[in-house]
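Here's the structure, in structure tokens; my notes come after.
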Amino acid sequence: MKKFISGDDAVAEGVRLAKPHVISAYPITPQTITVERLSEMVEDGSLVSEYMHVESEHSAMACAIGVSSVGARAFTATSSQGLLYMSECLPYASGARLPIVMMNANRALATPWNIYGDQMDSMFLLNSGWIQVYVEDAQEALDMMIQAYRIAEDEAVMTPVMVNLDGFVLTHTYELVDIPLQEKVDAFLPPIATRDQVMSLDAPKSLCITAGNDFNQEFKMKQDRDMQSSTAVIEAVDKAFGDAFGRYYKGMMDAYRCEDAEVILVTVGSVTGTAKTVCNQLRDEGKKVGVLKLRYLRPFPTQGLCDVLKSTKAIGVIDKNISFGYEGTIFTNVNSALVTLKERPETLNFIGGLGGRDITKQDIRGVFDTLISKAAGNAEERIQYMNVRCAE
Amino acid sequence: MKKFISGDDAVAEGVRLAKPHVISAYPITPQTITVERLSEMVEDGSLVSEYMHVESEHSAMACAIGVSSVGARAFTATSSQGLLYMSECLPYASGARLPIVMMNANRALATPWNIYGDQMDSMFLLNSGWIQVYVEDAQEALDMMIQAYRIAEDEAVMTPVMVNLDGFVLTHTYELVDIPLQEKVDAFLPPIATRDQVMSLDAPKSLCITAGNDFNQEFKMKQDRDMQSSTAVIEAVDKAFGDAFGRYYKGMMDAYRCEDAEVILVTVGSVTGTAKTVCNQLRDEGKKVGVLKLRYLRPFPTQGLCDVLKSTKAIGVIDKNISFGYEGTIFTNVNSALVTLKERPETLNFIGGLGGRDITKQDIRGVFDTLISKAAGNAEERIQYMNVRCAE
Amino acid sequence: MVEVRWHGRGGQGSFTIARLLGMAASVYGGQFAQAFPSFGPERRGAPVLGFTRIDSKKILDRSEVDSCDYVVVLDETLWGPAVVSGLKKDTVIIINTAVPEQYREQVDNPVVAIDATSLAIEYLGRPITNTAMLGALVAVGDFVSLEHCKEAIAESMKASVGEKNIKLIEAAYKVVKEAYHG
Amino acid sequence: MVEVRWHGRGGQGSFTIARLLGMAASVYGGQFAQAFPSFGPERRGAPVLGFTRIDSKKILDRSEVDSCDYVVVLDETLWGPAVVSGLKKDTVIIINTAVPEQYREQVDNPVVAIDATSLAIEYLGRPITNTAMLGALVAVGDFVSLEHCKEAIAESMKASVGEKNIKLIEAAYKVVKEAYHG
Amino acid sequence: MDRPKVKKWQEPASIDAYPLGATCDSDHLVSINAGWRTFKPVIDHDKCVMCLRCFLVCPDGVIDKSGPQLEIDYDYCKGCGVCAHECKLKCITMVKEEK
Amino acid sequence: MDRPKVKKWQEPASIDAYPLGATCDSDHLVSINAGWRTFKPVIDHDKCVMCLRCFLVCPDGVIDKSGPQLEIDYDYCKGCGVCAHECKLKCITMVKEEK
Amino acid sequence: MTQKWNAKTLTNKELFYGHKACGGCGESLAVRLAMKVLGEKAFAALPAGCMSAVSFIYPNMAFTTNAIITPFASTGAVASGMAAGLKALGIEDTYVVGFAGDGGTADIGIQALSGAIDRNDNIVYICNDNEAYMNTGIQKSGLTPYGSKTTTTPAGQNLPGSITMKKNMFEIVAAHDIAYAATASVGYLEDFMNKVQKAKETKGTSYIHVFAPCPTGWGHETHITIDLAKQAVDCGLWYLAEYENGAFKLNRNPKEFASVEDYLKVQSRFKHLTSQDVALIIDERDKKWAKMRRDWTE
Amino acid sequence: MTQKWNAKTLTNKELFYGHKACGGCGESLAVRLAMKVLGEKAFAALPAGCMSAVSFIYPNMAFTTNAIITPFASTGAVASGMAAGLKALGIEDTYVVGFAGDGGTADIGIQALSGAIDRNDNIVYICNDNEAYMNTGIQKSGLTPYGSKTTTTPAGQNLPGSITMKKNMFEIVAAHDIAYAATASVGYLEDFMNKVQKAKETKGTSYIHVFAPCPTGWGHETHITIDLAKQAVDCGLWYLAEYENGAFKLNRNPKEFASVEDYLKVQSRFKHLTSQDVALIIDERDKKWAKMRRDWTE
């Protein structure tokens, strides 16, 4: 069935289909529509789940940890200040290997306060041990809620997943979304299996334990190893999803018109669509440009990224975030992967969209022009801001 | 006067000399000695300051924001779980340009729980808009408390500073520390000046305001610009400190025997000492090795780093942290800076010390051997763990 | 691609109608659409904007609407710089007014007028003008069919309210069609 | 560089004495020193370790002490694998016991014995053995002077307690010097 | 009338001109709220006994009591009607705004 | 005696052998606490009237009441002396531990 | 003697002006009047919530005094810090006031508030109770009353809106043995202002819990805001009380209650309620009053 | 009828064993006995604090049942989540219990606890009150009493240790109108166990605040732990009470108090107190009891 709904609505639909046992969430713009819809679904019985009105985000995640620790399926959603307020609990959950799924509506961080979309919030949490996926539209948001549970609960992964969607640009934009049938989702996503890391009356467990300096490092190494190898599961789940529902998102990343591209723009999240639009215009003008949509930032697809980018001349990375005193965080991550290449393409960083600033088609065109110029050997600023309203 | 004291004690001595108006802190191992000493100093009158027993770290930082917002000098200290619990308030304070100084005792993050030192906690906060400095010993810890206030309160900087010291290895290790005279510190560190961003009865101010999508990006750009240029202030303050107290730490980074080095190991924090020890041994053996101690991670010294590393053959980066699903965070940051070099040295990542695991001299020797081998053109694993107690 | 900008006041349903248009075009019309509000910290009573984008292909573009094809003004007190900014040469302004002349004087663009308030009071008993304005837009633009709009209304509203609104949209459509094309 | 490992029980002052040694060597002896505990989640009563490193140059090394030059055991009930691990060939073990033979049998290393408990009870009235053990160490090792240790004690303790401890360290020093070098 | 007034304000022309920190002068209004109103309160000064109830209850504080008779700051009155409803003597009428 | 027993345990030989998550089986003791003790409680079973006060108050729960007479699990007794102090009949003596 | 406030004695000068709150907003009236009582040397701290959202929108600043937005959870802590800072700097005769919503007080901010009271920091804390998270679009908070429809407690076939009772925030604060605490309502403005005056004069922490209708969230007409706030007290669903010197005092003890139905029916958040639901609400009211009348003095 | 617990009726089986707490630790006794009352189907949640620090040290696990360490602030929230999860999975006849310290309850954990009570989640919450942050080395908490020396409230020339009073945690919880709450002491163990039993049988949230001496933090000899806990009650510095069906009940109302001095003098944390300090402590005790005797039934 097709519906004309917002990204937040789409998330709620995806969650409904994934049937979590318990939802614990705290309202924050622009995530609210999602939790409101879920409240309605619980009230009207279309979702059989416990909705817990927790008193803060820290408790929202702590509650989800409790739910997951007894082997039940947990969902929560947040954004921005809320994500940071709960941040202590994120490495907690991932270290415990609890397959919680969370929606994060990407939003700017105070101060100054701002409710609009940028990606400073989730970039803060790259080290949290959570799998991070970013979606491009409402359909992908819905589909990823379902995929997220299957990935998180996979025996080889057992790691929580954060599904990120851009505030307002996705959360509050309505579009046509296909709602899968419950039966098909049930077939794709089996009920949560009981694993060794959760409580059980038959074999009681101690959870979230202490490991001193004799053992701690090995626990973390195991966590890292499994996160690294989750790449394969992510790819497989996406393929299986494609087979079942006809929508395949290309796993870790989606290379758009990149085959022969001399210049590639790396994007994360909703700006991808605008970049593709401009890319198509430039292709029509005969320019060899492409867009590489990074879907996952953790695990980071070092190898795949290098494969796509290796024969490019210039690469641009769009960051809707800034690590003050350095550069955009995606740029930093992409650069580090590229050092593995013998012949390294030039990379430039384009920072924009902060606090919801529009990234226009003209901005993207400017970015491609700069990259083409760079590819031609001209000097260009390594780090540039897009769509600045005043003198710099 | 020289005293045989711990790193935590040294921090407390530094804070005493810097005379904050208010201290708000919440206890957490291995930061506790610092706040205990400060409580004692306040009790016995050797520090005239208000000590606030706040009920959590979130409130410790919020309280410091309140103190700083009226133009008073604020201090707080934390570690690990506490740092994450207050993390929402960090970009809050930096966006407001409040020159708060915080000590962070680097400690592992749960789960598993662990009270020992690694640097996962502060690496989480690289995007927080705080200046981050890491010290190598207790003396530097003391000295940096004093420098930190002068840097933070500099007119061109006006940015909070986090002084990081490794848990136990520094916080609980006693060594000989020179305690500067109060008069000399007073001359070096003037009383806090009133700036435009704080409250005033004469010209009332609204703080921590909202800036919508029309303005937000420019606020952040200003913040970034000032953080970038704080590098100059950092260098100048360190020089001035050297002139006044005879201890100069070389500003953003300290290149140890790097001049003609073919192989350089990049370190952050207390492991530097061990690396220097081994470096000296290898130099005695005629090997051209050096150690580059990165003192500041934000702002990140892109240019300076490249200057030191540019003619090296192989570079190793030690990370006492892991960004699950990728690599060590310092490695990522260093690599991104190095892409600006035409001829890029090979870089390898050595992860260790997680959850307080010892990094031994043999480990460091192994690291140098690997780097020398890499420099000779041999293949070596890009990311390696040090001192693993079992099969990988 | 057609881009429509809606001007209303918080609480007047201007975004609801932007959404309804998108629904009509996509769910019922087989096209693709986006609808999104411009959202601020201001409270009820403050002017707000809504946008609808419609195209026959999937819409990838996520940037804001800068210049649009149609500007629909639900309440003539909103007339001002916001309404006349970002117009293309041929952008049509559709305004709820009984006295359109004063507006025509101020712009070179075509101005379509409809007394939606009177129509709304007639059909709904309340001055809620959004449905009537959609009728007017559809009559002028012809990029979405009236039928599909009616289907969208029927789907989105309670039966009793929906019926009245369907009557209203038909009436508004007819008035405008007759005035401008008839 | 001299590396000393102290074995005690939480609450017995084994880390205090490791620190005192460092203080004597550095603040009063003009050398450089580090002192650090091995710290665990266990509570009072559990065995704990302390370390002191002393050198004439600034000590850069921050790794744990793996093999040490002196092992000082404050309480003979702690004898066990922990005490005999990480010994070099010539590492001297100094143990608080009245009957050292049983320990000498178990290791090839030199074992210096002192009945510190008795001495402590004699001088302090309580079986707090750490100061006596420092006296023994200093007598055996000669890398820090007894004078500097006494200065460190005087500085760190309340006058009344300090005096008694100074007497105690002198006595312990004498006993060991006489027994082993005299 | 003793009410805060709208100030002339220019968007900062450069990053430098932006405030230090997330700060702004207090008492700084650059836009009015009049546009929010659909109805406008009009006081019948003849009937008004200056009981000041309306002054007290106005959520926006737009009724000035400093003069010989009450004065409403229509730049900031939102037309909520609280004053009219609370005036015991019904001296305030809510009148539809004209364009 | 019905008290949890020390289990044989090997440090995991590989990353694989480490637990999934920060988890461990409950009821899993691999080391004893006997070494904490300087004094050791010894019950005079002749005097004891089995009032069970000592069983109740022992913070470590090491006094087993399942047998005909009380039994102390000296693997886990910490020698705190609470039992001796609380025994009204003074049937428990704290005896210094010998090496 | 303590200054008594009314429309005549109150300054004409506005210290909170030009904000972008909805017309007829009860909270904005509470802030406006409290600021007038506290005066120009008040330093205000407001967490995330409607009042901060509508008053600090660059470049429009509605406070004429010093003011700050705090992290949502941190009203108590930021205010404490400000008070400590002012004291340390020797800036005297100033007042630090926190204005937080019901959500910011009873849910996410209760810890910081509890800490401030425990330390007895010298601040005035005013809770603007509009019975839901309004700034984010009317979600249930710990102070949302039984039967209220919010966007996270929808009313439908299965549930009558919120099914939990209002948290006893005033009693919880009083249980800390705070220096001064009171409840108030924007329906009784002189009472409110005089309580703010008492709080101003209190050394240590004081707390005022003011009931403030929200036309947008409650679905009532804007002009009845004050009336409704009065009705809430008159029908017994809210009450005016103080806690001082370790004892509770009921400031109003009506012989007869006004109609609860009349209060409920003008608000769309309650329009779905059945007569059983209303009976339950009345029953809970009666229990609460029985307890108050038993334990509190008048 | 409700099972009455004493040493005879209590199971011999230990569910909390081999932990690394100090000898003579009061908290560990409270946990041990509560677990025995709750039984093998109890699921325990413990935040950071001594009890979790000594019981989950890989590979030594002291709980024989299911148990989890929670983030320090999150006892209430994790326990709530566990209860919700167990219910959703249809796992019945289980009990979720949280054991938090005084710091974890009255300071950093009060918000999550307040939320759990407000939702009336089906959990038993036990506060182990040893009057300071012990796990981190004896720092002052909101429940540290006046005059107590801690590492962050040193006693010296200028201050007599802590200068704030103990937060009234029991009353604060009761003010939430919780289903069941009680105070207890490890000096009165049958009373404590029977209260745990009541809590176990309560539908919804229940709270027990148990006074548990800490030889390490208080500086008393290990063998007097239980005695001291009894003395605290007998001298009136602690009290045994319940809150049930909306009313307070005092379980013990001694005609005469035992000596406060005797209680204080065996603890090194109080050894600096002057006779004025002690007089002040006694005075505060008398005020508290006057209030309790006035307002609470027996």
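First chain written, first letter: the chains are A, B, C, D, E, F, G and H, and each begins at residue 1.
Please note the rule applied: a contact is a pair of C-beta atoms (placed from the backbone, for glycine too) under 8 Å apart; a residue touches a chain by one contact, two chains touch by 3 or more.
Remember, predicted model here, so these are calculated numbers, not experimental data.
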Farthest chain (mean CA position) relative to chain B: C
Between the pairs A-E and D-F, the one where more C-beta pairs touch: A-E
Centre-to-centre distance between chain H and chain A (centres being mean Cα positions), rounded to whole Å: 43
Euclidean distance of C-alpha centroids - chain E vs chain F, Å: 76
Length of the line joining the C-alpha centres of chain C and chain F, rounded to whole Å: 79
Computed distance of Cα centres, chain F from chain A, in Å: 51
Per-residue multi-chain contacts in chain A, two or more chains: 53, 55-56, 58, 81, 85, 88, 92, 95-96, 110-113, 204-212, 214-215, 218-219, 221, 358, 389-390, 392
Set of chain D residues in contact with two or more other chains: 41, 45-46
Chain H, residues touching no fewer than two other chains: 20-23, 25, 52-53, 56-58, 61, 63-67, 69, 71, 73, 107-108, 110-111, 114-115, 118-119, 142, 164, 215
Contacting residues of chain C [partner chain E, same complex]: 45-47, 76-77, 79
Parts of chain H lying in touch with chain F, wherever the complex brings them together: 6-8, 10, 12-14, 16-26, 28-29, 32-33, 56, 58-67, 189, 215, 221-227
Of all residues in chain H, those that touch chain B in their complex: 48, 52, 56, 58, 69, 71-73, 107-108, 110, 133, 135-137, 139-140, 142, 151-159, 164
In the complex with chain C, residue positions of chain A that touch it: 2-4, 115, 166, 168-170, 172-176, 270-274, 276-277, 358-361, 363
Interface residues, chain A side, partner chain B - complex: 58, 81, 84-85, 87-88, 91-92, 94-96, 108-114, 116, 120, 123-129, 131, 208-221, 223-224, 227-228, 230, 298-300, 302, 321-327, 329, 331-333, 335-336, 338-340, 344, 347, 352-358, 382, 385, 387-390, 392
